[in-house]
Amino acid sequence: MDSLFVNLKKGLLDFLSSFLPADFVMIASALVSIIAIAILGPFTMMYLTWFERKLISRIQNRIGPNRVGIFGLLQPLADGVKMLTKEDIVPDGADKVVHFLAPVVTVIPALLVFSVVPFGRNMAAVDLNVGFLFFIAVSATTTIAIFMGSWASRNKFSLLGGMRSVAQLVSYEVPMVLSAVPVILATGSLSTVSIVEAQSGWHGLKWFVFTPWGLVAFVIFYLCGVAECNRTPFDIPEGESEIVAGFHTEYSGMKFALWYMAEFMNVFTISGLTATLFLGGYQGPFLPSWVWFFTKTYALVFVMMWFRGTLPRLRVDQLMGLAWKFFLPFTLINLFVAGLWFFLPTRGLRVGVSLALLAVSFGFLVWVNKPFVPEKRMYEFAE
Amino acid sequence: MVKLAYLIPFFPLASFTTLIFFGKRLGPKSALVAIGASLLSLATAAPFVWGALGGETYAHSFEWLRLAGKPLLFGIWIDSLSAMMLFVVTSVGSLIIIYSVGYMHHDPRFPRFFAYLSLFMAAMLSLVLSPNFVMFYMSWELVGLCSYLLIGFWFEKDSAARASKKAFITTRIGDVALFLGILLLFFTTGTMELKNLKPEFLGAFAQHSRALTLAGILIFGGAVGKSAQFPLHVWLPDAMEGPTPVSALIHAATMVAAGVYLVARSFGLITMFPDSLTVIATIGSLTAFMAAFFGLTQTDIKRVLAYSTISQLGFMIAALGLKGYAAGTFHLMTHAFFKALLFLGAGSVIHGTGTQDIREMGGLLKKMPHTGLTFLIASLAIAGVPPLSGFWSKDEILVAAFESENRIFYYVLSATAAMTAFYMFRLVFLTFFGKPRKELHVHESPAVMTIPLWLLAIGSAVLGIPGSPWMNHFFQRFINGSIGGEAIEHAMNPFVMNVSVGLGLGGVLLAAVVYLLFPALATFFGKALKPLYLASYHKLWLDELYQATVIRAWYGLGGLLARFDLDVIDGAVNGAGAGTLRLSAIKNWIDVHIVDGLVNEVGAVTQAFSSLLRRIQTGLIQNYLFILFLGILVILFFEQR
Amino acid sequence: MLILASKLFIYAILFLSLVAALGVVMLPNLFHSALSLVATLIGIAALYLALQAEFIAVVQVLLYVGAVMTLIIFAIMLTHRIGDQTVPQKNQQSLPAFLALAAFVGMVSTLILQSNWPVSETVARVDALALGKALLGVYIFPFEIISVVLIAGLVGAVVIARKD
Amino acid sequence: MPIPLEHILIFSTLLFSIGLYGVLVRRNVIGILISIELILNAVNVNLIAFSRVHTLNPEMGQVFAIFVIALAALAATVGLAIVLALYRVKQTIYADEVNLLKW
């Protein structure tokens, strides 16, 4: 059961190798993985939209989609048909080629990062020895796509949204990478599979999140991930009440669907990566590995949607302040703490020193970042 | 467990970085950070000191850099000697930092002061912990820097700024010697490790005995600078321009003792090649005697103490030079406590009275009971009155001197001990007894200052006991665990002990007679022994001598060079100029009438051409770049064939 | 068969990178040429992958595409007149520059082809761990200098760009 | 390595030349900056390709490629700051409209 999908693929390849030359079997092996991801990606997106709508409805005391299929399960299909048949509008002043390319380009990195996510034991499409960096690097290219879309639309709101989005992505990338460095320090490898394997102790429960630095890094990494996906409460690039719809204001029909798809795939992969780095990936007792992976990932996705249903949007300066003035120093301190953790000899000492240092620096950072609130508001012209 | 020792200097360092960046924001709270850091260091150091008392040695090191195939190591090494220093630095340091809260209360750069103190603690602790000369030398320079910063802490005062420069430059001379010594040692034996300074290791290099003797003396040169030994002692009295806690911490208890520590560390090297021993013993006793002599007549309370410090450091150095390893290190520890106490007491007096001149004080004991009592305890300790700590350690040194080949050291040091008692009690009687000589608004210092005083007083009273026969010379056996060479074994010597008690009490009594009972005697003695009095008061004119010789020589050299510049070169230039002027007057006529006509024609032609050529100078960077590239292309073309 | 295919694939990457690079310098619209540069950089990253330098490839994407290009595009978007087709985008020395560069390429190419390169057939694979060890070991000194230069550049950029 | 070293070197030469062409010909200063990135990349390609020359140790090329990348990022930052300052002084970002060094 654990290696169900692995065996399926192996069986298929055995069957093919009975009548195909070896070269073709290699190509076929790659193709199988590619096709699996290409199906998984859009499928995930479709049902995440459904999931989100259902969940938000529950939070808001509504029922949500329930007309198409049982529990509205066919709603994504209906939406897809609607998207496909919608009129494709390109603004008159737009740069036509770039306007067309942008949504296409944005989907590519979103799909590419699936290749290094270990979905289960032996279920990473490619075990790159720089897997984690690959993930970060490829998802960093999303900024270019957003730039293309926002610039090509020739629309103020698009451009504003694009600017905001890029500023946000660039800012949050720094603490995101830095918060993951302790994990790499612990593993000694950048490969996602090795990171998961390093958490295999205690019957699959020795997750990095159970250490002080791991917990801090997990929270920061996850919040930065939420910001990287432009999701509430960090969704100022597409804040409906401020700049219409941000960088995809001028998109409709299938192109809009592509933007949407990229966003939801990012939500999935970021959650998957968080689970891989901190929650032991596919490690876990009793259940098959891939079940564990999807459980953890969907739990994290659920939390993201929960955020959306609960939290109000941040202001731009708050957003930047959070990244640069709080997350960045805290990740640096956390990195130091992680170094100490491996340096100190006894377990009690490790826990004590790490917790003390983290608590002190947390308090200190909170104190430093205390917003300026005048004790008494003075109105100059009021009598 | 061993790696935990890295945290000892880390805490003050963290405090330093915090305070240097957030000191303004923390304001008065910054003292808490510094105190917390030093107390944490103390707590971290405690298990190591305890372990060292049990005879353990801790060592750990890692490679910092590899230059030309030689690894430069960082690390820690704690044996009994460094454990003792750890104890002294962390405990005395913490008390002094606490004390500074009261002393520096009104200073506008309050956080900055604690930042520097923390940096100093970090540097001093890493100096004590360092296992090799690389780290040792780095920390050594760092403590020097802190000393510079703290002496010049009130840099608005001209004298403080000058004193800080003087201290820095004077100690630099010793540092250069130390650096050369380290290099000489390294190139001779190929080691930087302090633990290799042992006969077992150095024995293999016996054929280089001359180089190693020189290395020993050069390394001792570092101690001469840092521990203010003759002839580089002149900076320490001036260093009293710094805040008093600084004087207590750096210029009495810890940093100046680093020189003694250095000599004790290289004890193996020195005793192995004993020519240097004579140098060390001579300089030590000379310094001890001379500084005590200067101390007799000073009127500034802190300067008396400064000379006393120099004198006591001379004692330690002399002890080490006479192979009294345990004696010197023991005195180092006891001295740290009572001298810090004396300085803090003096600080309290200055804080309470607002003056430093002992001629203006008097009768302070009633108004400042805590300060006065603790000061008295410390003075008794330094004067060598049993059973306070100073007695035991000084007695050890005198025994070492007594048993050495040359009795003269014993006589000199004994005389110094008597003088020490005399000038210390001169200070005590003038300050705390008698009648007030001037109307001063005296008040006792706050508890944050007096509590450290009392703690230090307890330390100065009892810390001699471990080295006494009552505890069967526990300290000596303990410290000899870290010894690098062979030291003399000395038994109790009742003769020396009785003489030293007699000399100490005699000095006290004499001071009492002169300054308490018959104050007129003081002026009488001053007149009767006028040459001696002046010699002491003017410190043998050593400062003037340096001014007249070394500094004047440099100035003179500079003046000579300037003169050469002005007279010879400028004269030549001026003469040439004058000659040229005359010549040009003649040529002028030729020029105007004959040449100019020609030149104007040439000019016209040149202008015509250059108005064409200047078009190359477009000011457009891309054109320049293109022409540059064409040049490269041409070079490539010719290179290719 | 597979080796041939991979070779062809690499040559295709090289060719496309060159085309994109030409786009960088030829396209009149600056935004387009920046995008074209992105394409070139990704092509070069793919070349690094083929040369077994995964780490550099990933860093190339992360730093160039993620950071440098973002910065440049940000700056482009802050300038106006970029879409204006009436402003000429080339200066007058385009033809001489082209000729000189053609000569340069010819000369250097013959040099390259004539030289004898002492190469091995297998490429040593350098993983991130070895690279990190080298960076913080043998090359620690240049590494520190680069750090200092980076800080100096950072401060310099702030100072130059600040409105005063 | 699947393809000969010479081809990669020729590729990098071409890349370098194209970049240099951009630097020499582009009017827009930002365009020049972009072209400089091309030149730096050509250098990097060479560094990586030379990793397989026998006598060198394999990390060397990659380490220096990392250095070049870091410096390229720096160059972009400082270059853009200079462009900003230039625009503030001269109100233009065209290189041939700036000739303050002219005779």
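Order of writing sets the chain letters: A, B, C and D. Residues in each chain are counted from 1.
Throughout what follows, contacts are C-beta pairs under 8 Å (C-beta built on N, C-alpha and C of every residue); 3 or more make two chains touch, one makes a residue touch a chain.
Every value quoted in this text rests on a predicted model; they were computed, and no experiment measured them.
A.B. asks: Greatest Cα-centroid separation from subunit B: which chain?
C.D. replies: So the farthest one, by centre of C-alpha atoms, is A.
A.B. asks: I'd like to verify one number: the distance from the centre of subunit A to the centre of subunit D, where each centre is the average of its C-alpha atoms, in whole angstrom.
C.D. replies: About 33 Å separates the centre of subunit A from that of subunit D.
A.B. asks: Centre to centre, by mean C-alpha position, how many angstrom separate subunit B and subunit D?
C.D. replies: Computed value for the inter-centroid distance: 53 Å.
A.B. asks: Between subunit C and subunit D, what distance separates the C-alpha centroids? Give it in angstrom.
C.D. replies: That gives a centre separation of 7 Å.
A.B. asks: For subunit A and subunit C, what's the span in angstrom between their mean Cα positions?
C.D. replies: 28
A.B. asks: If a residue has to touch 2 or more other chains to count, which residues of subunit C qualify?
C.D. replies: Within subunit C, the residues that touch at least two other chains are 55, 59, 67, 91, 93, 97, 104, 108.
A.B. asks: Going by the contact rule already set, what residues in subunit B reach two or more other chains?
C.D. replies: Residues 620, 622, 626, 629.
A.B. asks: What parts of subunit A, by residue number, touch at least two of the other chains?
C.D. replies: Answer for subunit A, listing residues that touch two or more other chains: there are none.
A.B. asks: So which chains end up touching which?
C.D. replies: A-B, A-C, B-C, B-D, C-D
A.B. asks: Once bound in the complex, which stretches of subunit D touch subunit C?
C.D. replies: Interface residues on the subunit D side: 1-3, 5-11, 13-15, 17-22, 24-28, 30-31, 33-35, 37-38, 41, 44-45, 48-49, 51-55, 58-60, 62-63, 65-67, 69-74, 76-78, 80-85, 87-88, 93, 95-96.
A.B. asks: For a test of understanding, state which residues of subunit A touch subunit C in their complex under the given definition.
C.D. replies: Answer in residue numbers: 21, 23, 26-27, 95, 98, 128-130, 133-134, 136-138, 140-141, 143-144, 147-148, 151, 159, 162-163, 166, 170, 173, 188-190.
A.B. asks: Tell me, which parts of subunit D touch subunit B in their complex?
C.D. replies: 20, 23-25, 32, 95-96, 98-103
A.B. asks: Mind pulling up the subunit B residues that touch subunit C in the complex?
C.D. replies: Residues of subunit B touching subunit C: 65-66, 620, 622-623, 626, 629-630, 633, 636-637, 640.
A.B. asks: Can you tell me which positions in subunit C touch subunit B when the two form their complex?
C.D. replies: Where subunit C meets subunit B, its residues are 91, 93, 96-97, 100, 103-104, 107-108, 110-111, 137, 140.
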